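There are two complexes below, and they share subunit A, which is joined by subunit B in the first and by subunit C in the second.
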Partner chain A sequence: MSEIAQELTVTAAAFRSGAMPVTKVTRKLWQQAAGDLSRGLITLLSLWADHKAVYMALLNEDTKHIGVLRLDIRRDDFPSVSQFHAPAGRLERAISDLFGIRPDGADDTRPWLDHGRWQISHPLGATEPAEGPVVYEFLPIEGESLHQVAVGPVHAGIIEPGHFRITVQGETVVRLEVRLGYTHKGTDSLMVGAAPERGAMLAARTSGDSTVAYGWAFAQAVEAALGTEVPERAIWLRALMAELERLANHLGDIGGICNDAAFGMMLAQCSVLRERVLRASMQSFGHRLMRDIIIPGGVARDLDDEGHRALLALVASIRAAFPSIVALYDRTASLLDRTVSTGVLKPALARRFGAGGYVGRASGRDFDSRRDIPYAPYDRLTFEVPKRDEGDVDARIWIRIREVEQSLSIIMQILHQLPGGPIHTPAVPVGQPRQGLGLVEGFRGDILIWVALDAKGRVARCHMRDPSWFQWPLLEAVIEGNIIADFPLCNKSFNCSYSGHDL
Partner chain B sequence: MVLVVALAPLLVGIVRKVKSRLTRRQGAPLIQPYRDILRLMRKEVVLAENASWLFRVVPYMVFAATWVAAALIPTFATGLQFSWTADLIAIVALLGSARFFLALAGMDVGTSFGGIGSSREMMIASMAEPAMMLTVFSLALVAGSTQLSTVADYLASPEVGLRVSLGMGLVALVVVALAENARIPVDNPGTHLEVTMVHEAMVLEYSGRHLAMIELASALKLLLYVSLIGCVFFPWGIAGSDDGIAGYLRGAVLYLSKLVIAGVLLAVFETSTAKMRVFRVPDFVGIALMLALLGTLLLFVSRSL
Partner chain C sequence: MRKFLIDGLTRRPLTEPKPDPVDAAIEELGQKIHNHLYRRLGRSLSIRLVDAGSCNGCELEINALSNPFYDLERFGLRFVASPRHADVLMVTGPITRNMAEALRRTFDAMPEPKWVVAIGDCARDGGCFAGSYAIVGGLDAIVPVDLHIPGCPPNPTELLQGLLPLLESVEAG
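And then the complex of A and B:
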């Protein structure tokens, strides 16, 4: 048991009901934490900064306790975590782009989010005019008969922008390097000084397909910071929306992955089901993706009887149609031939990166924040967390299939147990600076949101960490040794967020 | 000759329509491929700065070669104008040279996708072409000629019974047709993912009338294979050179229905299977090669006995 692991004492119940305590550490202890991370004793949840300090959120996987370490900055630098623990690398590069704080000793000091097109540099720190676009240096390639293929940032389909530099030897991929940051919206800067209501809107626009999960995580953080009691009914409605969102995205993904193996039938069938979910959401919550319905203090819209019936009908119709779709997948040998043993993510790597969601669970990382860092109402619902060890595209599809079944069951439980009462209590400022942490299981994995409020209750600093921060680097690892034609298949099976990552 | 050009896009339209209906979509109208080609004809050509003369000439060359090859196949009558040149080996050669130039053009501009496409196409062709040749040989051995009209006439005559080699030849030719026409499971004609493409990756850099030529050529190629399979293995109702107008009409109607049946079958097959891994394709096409080889060998063996 390491010293740092013992420092992590905050239980789920504690940080979900009150302000998040922060442990101030020395540089020595900070480096020790980095060492423990590299030895796999603790898991990195996130790494971020404000203008005075850097923060590290950590999880002890055995006790499920978490903790936030804070290191005050001297001379614009802090000891790099990534020199010991690679998953922190891109978070550090983002910190130095946004704040101008240098990770001391980091191997990779290239800019990450900043492409030199913002006209200023370090928008959240000591701002100065920027020099203009810089040429990004990709990792050097040495060797015989290597060939580089550049894909993106603009892709042929209707997807988000991101650049993939694929080095191949014949058809085999030797290395994939991803470059992101094209959808940077300056959300961190916009958050500064925003009222919690506006902050919730910004959070809901971070990644469109996870708008409910982001809204919920932000609301959790603000409510925890201010000690707001959220009405029972609002909590249950939030879970209902979160499961509808998971259902819609998983259905879309299952079809999408199969379509990338040129099996259009699965996409057609799954799209029909996904569309039904979106229409039922429209009917019951007034928005197909249920954006801006979760607000700090509760929810903005109640579920009426008609919506209730629409959702019951939805679950019945999906339960009727889904098994035959699963059977179609399971019985199409030509499709399984593409997905089985393609893009294998090794369990050790998934654990090291703390990969959340289907990426982690398909590679033996048995973690779901709904169960392990529980929050209401999931502590009163019964559900299983599927886990597989193969780590290939097929396993990631099966995790999604099982989660669709679990979500259907959770939706039914919620619909049957939904309590009455009010749906909103105002979140009142407490007159002093407070900070809170929100941790919600989105469909991709755990979304972490850290909110520091000032004395007037406005956002002083908000950090949002999408699960994709730890999944993008794993995609690079997974594709190695596969053939380049399987890249879309692997990519779709990860389905990482661009917008949630680029902020 | 005009007939094949006029009909080719229709066959593509049928396949697309049936595929759409099978995946619960409305689908574009049957004449959409015609509209696409007309639209492309009217658009300007965007050429890469480093494109050579070869890049500009290739579309016409590919189209011309494919058109001639397609025109040599007896569609509904054997008494073709060019019957004396209609040698199966000539057809294979014409298609081969069309592919050769297309692959060259794919590499000409020097984009990474063009190179990937060309190399994959050549890999597939190296298996598909000999399979095609061997099928031709076994046909020639049965019919005693490589002249297509003679072959079709002979096979339509009652003296040909059920032959194992012909069955093998049919399977081989169908596999070759799937591979050559960039259909699932070898290639996905409907994808937008550049790194998975074979045929499409080669022609990514083409636009305007050049692209129209290439699209028309690939439609022709599909029609060519369907007609070839139709006239050689299912020659029922094909009109002889001395049949009257009635015979021609009957042949034409039967030919059209053969096309529709082939289009529907292709669409059903494509919807019910996923694409193969690139390195599985040689195995798949290799089956065609083996079958064709076996077919030919069997003929030799049975003859010498």
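And then the complex of A and C:
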């Protein structure tokens, strides 16, 4: 076992109940960690900076212990992690754009979030006036009979903006290069100095489809930093909302992926069930997406009897309808012809990138933070984590199908065991700077939020890492060798977040 | 598949009656749009959506408009892929600086007459992202806005209540 892996000693129970310890490291140890990442001994959870230091959150997949390394910046650079471990690449480019801190030795030093349009450069570091829009240099393409298709940022459908540069030879994709950053809203800078309540609002608007998961992860981080003990009922209600959110998104995705294979009936059927979930959420929590219900210290709204009944009826109606929809998918050969063996993500690559959610679990990465880095109330719930090894579009659909079934079971367990009592307790500042880590399993995968609070309890730095950071690069890998007509299908089967990534 | 086809024939549709329009939206439109323009368009409008940096919440609810409960197309409103085919530009998000040019180009690519509908709290003035270096802050800084439908996000009923006056005025005119 590596030296760094042994440094990762923080258990889930420890960081979920108190401030997150940080290990100060030398440049040598930092580089050693990068080497261990490249050898697959540890997994990168995230990489971020503040104005004085760079941080790396790591996971030991064997012990499930985590750790945060901190390297103080002396000049304006730090040893690049991505020169050894590609998954760190875009995180480093984002650090470079936002703080002006340079990853020394990095292969790819192109700007990432900064398109030269902000009027300033390095908004979170030593700010200077910007020179204006820059021409982004896509990777050079050389070879016979190559043709490039540029898509976006304005897409044909009702989806988020991003740019895809697809190089094809005939119909076959030889390379996809994604350019993102179009939805960058400067959330990190708005977080600085924000009260936790305002921080929670911003977190809940990071990725609209994961507003519950983000709200929860942010609340976890603040509560851990301050040592707030959240009332039991609030914790259970949070999980109830998180599973409703997972249910709604998976139902939407299952239909959406099939629709991208031109099978509209699946979309119609699934969108009916999705709408029922949103309506039940509205009835029980007062908002279809349940936005702003999770707040630091608890939840803002209690579940009443009417809401309770609405959710019981919801589960019954989905359980009645879902099996025929699954059978429709499973028995339509023309549809399976599009999804089976399309867009294969190899297990080794999923593991290397620490791919979360259905992307990882459809490619053999048996990881779910609800089970592996447990948090209440999942430690008291019974559920299975589905896993497949094929790594194709079909496998990613089946993971979602199985997770729909698991979420229905979890919702029923919660409704039967929901404890009474208060739903909120104030998160009181402790009079000194503290930092906390939140880690929540959103529908897309594990969301990590790091919050450093100042002595008055305001946010000094908040870093939010969407699962998409490690999934977008994998989409580029899986499309290679597929026909260009299958790109929408592969893309939807990943359903990466643009806003969650661009911040 | 047969089961779904038979169900489709024998069961009542899920589609719900159209909601009553909101007075505020009718008023806002009445001040800005002349009736003769509606007559030229008949009873149908093509919509092009541009996400100018939203969190994706608005898109989720706009997509829901096409589900069987709301079935937007029965009203003559449909989403199109190209701005060249669009009468209405629908915009979500706080208008990030990184999307401003693409948004303006989309608007310029649309033929006249055209209208702009801002969706959600962000598109009015940046919403909770107001003050950020990365956003323009408000759609009207980039293109003229004819109608604003507030909400975070507005739900499908609120979206319909806001959009239907676009067509109601055709009948009236």
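List of remarks:
Note that in this section the second predicted complex is superposed on the first by the 503 of 503 C-alpha atoms of A that agree within 3 Å, B and C clash if a C-alpha of one lies under 4 Å from a C-alpha of the other, contacts with A are read in each partner's own complex, and residues count from 1 in each chain.
By our rule, contacts are C-beta pairs under 8 Å (C-beta built on N, C-alpha and C of every residue); 3 or more make two chains touch, one makes a residue touch a chain.
Just so you know, these numbers come straight off a predicted model, no measurement behind them.
On the superposed subunit A, the positions of subunit B and subunit C stay apart, so the two partners fit side by side. Once chain A of one complex is fitted onto chain A of the other, the partner contacts of A:272 extend to both subunit B and subunit C.
Contacts of A:153 after superposition on the shared chain: subunit C is touched, whereas subunit B is not. The partner of subunit A that touches more of its residues, comparing subunit B with subunit C, is C.
With both structures placed on the common chain, the touch criterion links A:497 to subunit C but leaves subunit B unconnected. In the superposed pair of complexes, A:118 makes contact with subunit C only, with no contact to subunit B.
Once the two complexes are overlaid on the shared chain, A:201 sits against subunit C while remaining clear of subunit B.
Using the contact criterion defined above for the overlaid structures, shared-chain residue A:485 touches subunit B, although it does not reach subunit C. Contacts of A:455 after superposition: neither subunit B nor subunit C is touched.
An angle of 50 degrees, to the nearest 10, separates subunit B from subunit C at the C-alpha centre of subunit A in the overlay.
Of the two partner chains, subunit C is the only one touched by A:182; subunit B is not. Contact with subunit B, but none with subunit C, is seen for A:338 once the two complexes are overlaid on the shared chain.
Closest C-alpha contact of subunit B with subunit C, superposed model: 5 Å.
Put simply, subunit A uses residues 156-157, 265, 268-269, 272, 332 to touch subunit B in one complex and subunit C in the other.
Residue ranges on subunit C touching subunit A, taken from their complex, read 1, 3-4, 14, 49-64, 66-69, 79, 81-83, 93-94, 96-103, 106, 127-129, 131-135, 152-153, 155.
Residue ranges on subunit B touching subunit A, taken from their complex, read 19, 22-25, 112-113, 115-116, 184-185, 188, 190-196, 271-280.
The residues of subunit A lying in touch with subunit C in their complex are 115, 117-120, 123, 133, 153-154, 156-161, 181-187, 189-190, 198, 201-202, 205-209, 211, 252, 265, 268-269, 271-272, 274-275, 278, 282, 288-289, 291, 324, 328, 331-332, 497-499, 502. Interface residues of subunit A, counted against subunit B in their complex, comprise 147-151, 155-157, 166, 171, 258, 260-265, 267-269, 272, 332, 334-335, 337-338, 483-488.
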